[in-house]
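The structures considered in this document are given below.
Below are two complexes that have chain A in common, paired first with chain B and then with chain C.
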Partner chain A sequence: MPKCTINGKEVEVKEGSTIMEAYYQTGEAIAHYCYHPGLSVAGVCRLCICEIEGNPRPQIACNTVVTEGMKINNKSEKIKDGVKWVLDFHLINHPLDCPICDQAGECGLQDQYMEFGKYNPEMSERKVKKHKVVDLGPRVVLDSERCILCSRCTRFTEEVTKTNELGLFNRGDRTEIGVVEGKQLDNNYSMNTVDICPVGALTSKDFRFRQRVWYLKDADTICTGCSTGCNTKVYFNKEGIFRIKPRYNPDVNGHWMTDTGRDAYKFVNREARLLRAQKHTGSGWTELAPGQAAKDVSADLKSAAGDSLALVLTAQYTLEEYEAIIPAFINEFKTKKIYFWINNKESFDDFDGLLARGDKNPNTKGLLRVMEKHGLSGSWSDLEAGLNSGAIKTVVVAGPENQFVFPDMNEKIKLLSKAKKLVWMQSGKNEALNALSGDVTLIPMKSYIEKEGTYVNFKGLEQKVKRVTTVVSEALTLTEATMLMAGRNLTIPTTKELFVESNRREDEVMLEHRKKNEFVFRRGSL
Partner chain B sequence: METKLLTEFYHLDEFRGIEGYKKNGGYVELAKALKMQPQAIIDEVKAAGLRGRGGAGFPTGMKWGFLPKNNEPRYLLCNADEGEPGTFKDRMMMERAPHQLIEGMIMSAYAIGSKKSYIYIRGEYKTPIRIVTQALEEAYKAGYLGKNILGSGFDHDMDVYSGAGAYICGEETGMISSLEGLKGQPKLKPPFPAVQGYLRKPTIVNNVETLAAVKYIIRDGAAAYKKYGTEKSAGTKLFSLSGNVMKPGNYEVPLAYPLKDLINGLGGGMKPGRKLKAVIPGGSSAPVLTAEEVERATLDYECLAGMGTMLGSGAVIVIDDSQCMVDLLGVLMHFYHHESCGQCTPCREGTGWLNKIVHSILEGRGRLQDIDLLMKVADNMKGRTICALSDAAALPVLSFVSKFRDEFEFYVREGRSKVRGTSYAEMHH
Partner chain C sequence: MSVVQNTGEKKNWYLPGIFTGLGITMKHLFYNLLNRKKMITLDYPEQKYEYSPRFKGNHILTVKKDGSLRCTACMLCATNCPAECIKITAAEHEDPSVEKYPISYEIDMLRCVFCGFCEEACPVDAIRLGPEWQTPGLSGTNFIYDIQKLAYRPQLKGGILTHVDDEERHKAGI
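Entry: the complex of A and B
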């Protein structure tokens, strides 16, 4: 464990650590672009120069290993001036299009210029022209002029995904990033290149031009796209959720996440959601408040208590919710007919070798754990037989939150609607459900970012998440629905952060938020 | 007077073929070397004080000594990517005496325990590629390459690899990248090639002239080789003399040979009516010397380093009084801008910037502050990158501008050359 001194602070680092890691450890500021802790060292941006006592030439921090007693400093005038110049080299051919650049606000060049630069530029020559709006693949767009050639994205496709779609073409200041002939940047991890791009060169087709980043709040959560449970950050404002980015967790996902996981906000946003409860009686659909709907079915369930009542669960809810609903059905509704709806049996154990798993549910382990605890082992064929014979008359379904990963949705709706009475709880809209007739009640549920709870990932790691925000304020959690269905009273705590005012005109919202957020509602589209 | 050690038989056309080469003492020392202990060869080369002839002048024996002492496979690469503007010695060596290089390489490979070597020749050198390839075939046929060379039990294979026209592939790690089939750009050091080079195995990269000289160290012994030159710059060296002299060409002289004797003696002096203005002593990357400095300069590592320049690859470019320094810098900057690999930011952006500033001055758009800006940009490119190309671009700028500032200022003020009297546009149209 060698000890070194960083800007006068003594620090002990792991054997073989680089100076850059020592800087990270002490929290001292050091300029850098090409260095990324999840990738190999390229040493090309030349920004992380620092002085080492006894060494006449400044060295780069990212490729120099700390040795015992090393005295490192990047606060001297010589180094500061050197960093300024290297920053200037980065900027001389970089377009000054920050006002229309998607990266503005979270741009490495902007940040580092403010911290280490602030010089008077002397470049008075013409800038180099390169390609604009290069379509790299289905999800990523490149602006070569903004690119500072840090090679993070090429190293990512080389080292992490090992798909090698990206390369550096040409040389000198004509160098450009590009895809290899005949290839597209189309792997399930392609959007990570957008995250690691320190400038606005690589932008996400999904996110670009939809929101300025300074109008977004972010909060920590996890991804519910599969059983890996990648740690993520969601970016949102009053309009909804705009994007999801990975959050570093060495035990789960490292620095990365999948592209499919990034779509996990789409079923959370208001457009995809079931906003009010719906009840189908003989004459057609009527809308009512979700809490009321849950209360209404209470009496029916109580009268159906016993073996003619069945509960179908998907593995998309939290551990706490299962702990509420399963005992309630066993003890209060006197039924052990509780079934686990497996969405994609054939590919359940698939794994792409990096992060994505075939089990597209966040909490399979958690559900199985609770079911086992209560001695439940209902097989799906029992349910089918019961429905076909008419032995099961009432079915309560805790349906999927993410319907994209349930290819058997329509098939299961058809099967379960054989019951005389169907109570279907789910967060999203579904046309097949609305096409049903008979005694059907649909109750809107809260999505994963609107509640807190625990998910157990594929390897049994429990991850507790906090509530991020509210999208549909009246929607219930499974716990709340259980309480109401069991006939207990519940006052739903209304939160102040209700961000979607559904019945108000858009311009009213605009007026109210004008000072803060003038452009939020003027969106473009691809 | 030339001291013909390596070039003794270069005037004989037969020296190019294996028979003629053997007739004139070829492959005699190979048998001798293969009977020596490998370490003894390394010690001999160390004792001879041989330094790399490609440009950096790094002691060859010391470089070989960096190899790990284990049985890992290792490679010997011959750097024949002679791209430094003004240099044309390796070309002549390969064209006139390919077997001399091959013999030197087999000895060196034996010394470092390498079973495989490559001769990386720049792509534009079509003739040398053909000649060396042919010579390799002859050497294989004669049993100097392949399995159990001359009954010594030493196996060695050698191949020619053709570059694709990039100056940067003359940098040793750039060459290794290129040889591996990657984009030819230098690799981050450490690890150094001697530890992890070609295919991540220990690799030694030496210049053509360095490897060829090994033969003569084995033949005559370290002491005899050391008689030429000085303590720190031992041996003979080929110099490529170019510019407005009477007899440009390659000359082999002992190191520490006076520069003015090379120009005025061997080179036959300036062309009639021309006066010496400046000399670039070691290829275009070396800082320029003024006529007054040329008087004092001797061609060895330490004297030239003391004058703030370097021996480099031994390309002596003579500049006479009809040449405009601003024009010349324009040519050089175009070259470095074209050849920067684009990896490190200071070099990628800096070479382009320098090129644009010089051309702004040439095209009459220059401002007086541009002259200082040239110095500042060059100063901040120096020593900030993975390889030395950035320095190679910066050093000429610093020396040209500081030593011939009047020509630059005249160009900015008048929009025309002080020497030619005409503008850039007039010169080109």
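Entry: the complex of A and C
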């Protein structure tokens, strides 16, 4: 274990680590573009130069291995000047597109320029023109002029997805990123290239021009797109949620996440949501407040208590919610007819070798755990038989939050609507539900962004999430709905619950100069 | 807020100020009474005061040579606006050399404080504060100016040409 000194601080690093890794370990700042902890070392951007005592020339930190007793420093004037002129070379052909570039506000070039640059450009030649708005695939757009050729994206497709769609073409200052002819960047991890691109060369089609990044706040949560439970950051403001990016967690997802998981904000936004409770009585639909609707069904459920009452659960809710609703049905409504609605049985155990799993529910393990604890083992065919014979008259459904991953949605609605009375709790709108007639109550639920709870991923890892923001303020969590249905009142949150720890990263404003501009960055809230 | 309490002699120091002020008022009163021709009162609205052409009045969105908006929807004006009265929706332009443009650009004139920060923030000379200032309206919605009003209102006679020309810049290789 060699020891070295980084800017005067002594650290002990693992055998064979590079200086860059030592910098990461100490938390000292070092400028870099091409190095990414999840990829191999390329050493092409030359921005990470640092001084090593006894060595007359600056060395790059990402490709130099630490040896015993090395004294490393990147705070000297010589290094600052070096970084400045390396940056000048990066910016020689830069189109200065910031006004129309989506990366502006979180761009490596802007950040490092404010930190080290601030020079007067000395280039009098014409800039090299390259291709703009190149369509790389269904989700990614390339702007070659902005690219600094760090090769992070090509290394990603080479090393992580092993699909090799991207490559560097031509030579010298005419080098461009591109896809191999006849190919498209269409793998399920393509948007990670957008995240790792330090500049605005690769941008996401989905997020393109929808918001400037300084209007967005970010908070930590986990992805509910599949049972892997990737750790994510959601970017939101008061208009809704705009994008999702991965967050590093070595135990779950590493640095990456899938493109399908990035769509997990679409069913959370207001357009897709059920805003008020709806009740179908003889004549048609009437709207009412969700809490009222849950209270209204309480009397019916009490009178139906016993074997004619069934509960259908999807694995899309939190552990705490299952812990609330399952005992309530067993003890207060005296029924053990509680069934697990499995959405895609055939592909349930699929795995693509990297992250995506066939089980598209975030909490299958959690639901099974609670059901087992209460000794429940009802199979779906029992429910079907009960509904067909008329033995089950009242059905309460905790429907899916993410309806896109429930291909059997319409089929199941048809089946469950055979019950005399149907109470359907769900966060999103659904045409088929609104086409039902008979005694139906729809109750809006909160989505995973709006509540606290625990999800258990495929390998049994419990992950707690905190509330991020509120989209539909009236909607209920399953716990609240259970309490109202059981005839209890909602507890008024005590002070302790109200002032939950804030779900804001401490390092939200990361670079020093951004800290200075914090006021400007935070203020925008249009 | 803290209040400084004056005690003792200092307490009467406001008196000289008051008498000076009153003196000025009286001077003007007698001057105007004796020289009524030279009085600078305007009979508005028959008579109007000509402000300097640099007066910061209603906004103008400038246009390019082909008559389309110069604005690139970068939202720097909206970010810089202290009254938060600018609302822009950006969209992808079909011409890749334009790339981004605003499909809607609205300024709520009743919230605007005419500070001119938007004009200063704009990187491409797309928004200016023009000299017009008398713009009455009958309802609140008349004061939410959209692109039509900001760029092509009749007073602008087809639009004000911007100083920044992308084509020239591209030709010069910048």
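The definition used in the following text is that the second predicted complex is superposed on the first by the 490 of 526 C-alpha atoms of A that agree within 3 Å, B and C clash if a C-alpha of one lies under 4 Å from a C-alpha of the other, contacts with A are read in each partner's own complex, and residues count from 1 in each chain.
Everything below uses one rule, namely that a residue touches a chain if its C-beta (ideal position, glycine included) is under 8 Å from a C-beta of that chain, and two chains touch if they have at least 3 such contacts.
Computed from a prediction, not measured in an experiment: that's the story for all the values here.
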Chain C versus chain B on the shared chain A, clash or fit after superposition: fit
Superposed model, chain A: greater residue contact from chain B or chain C: B
Partner chain(s) touched by A:E122 [first = chain B, second = chain C, both, neither]: first
Contacts of A:M114 with chain B and chain C, given as first, second, both or neither: neither
Partner chain in contact with A:V133 - chain B first, chain C second, else both or neither: second
First (chain B), second (chain C), both or neither touched by A:V44: first
Which superposed partner A:M1 touches (first chain B, second chain C, both, neither): neither
Which superposed partner A:W214 touches (first chain B, second chain C, both, neither): second
After fitting on chain A: smallest Cα gap, chain B-chain C, Å: 12
Residues on chain A lying within both footprints (that of chain B and that of chain C): 125-126
Chain A partner contacts - residues on chain C that touch it in the complex: 72-76, 78-79, 84, 86-87, 90-92, 96-97, 99-100, 123-124, 170, 172-174
Sites on chain A touched by chain B in the complex: 41-47, 49, 57-58, 63, 82, 85-86, 89-90, 92-93, 122-126, 128, 148-149, 151, 167-168, 170-175
Of all residues in chain B, those that touch chain A in their complex: 166, 168, 183, 185, 188, 190, 337-346, 348-353, 356-357, 360, 367, 369, 373, 376, 380, 383-386
Complex contacts: residues of chain A adjacent to chain C: 98-100, 104, 125-127, 129, 132-133, 208-210, 212, 214-215, 520, 524-526
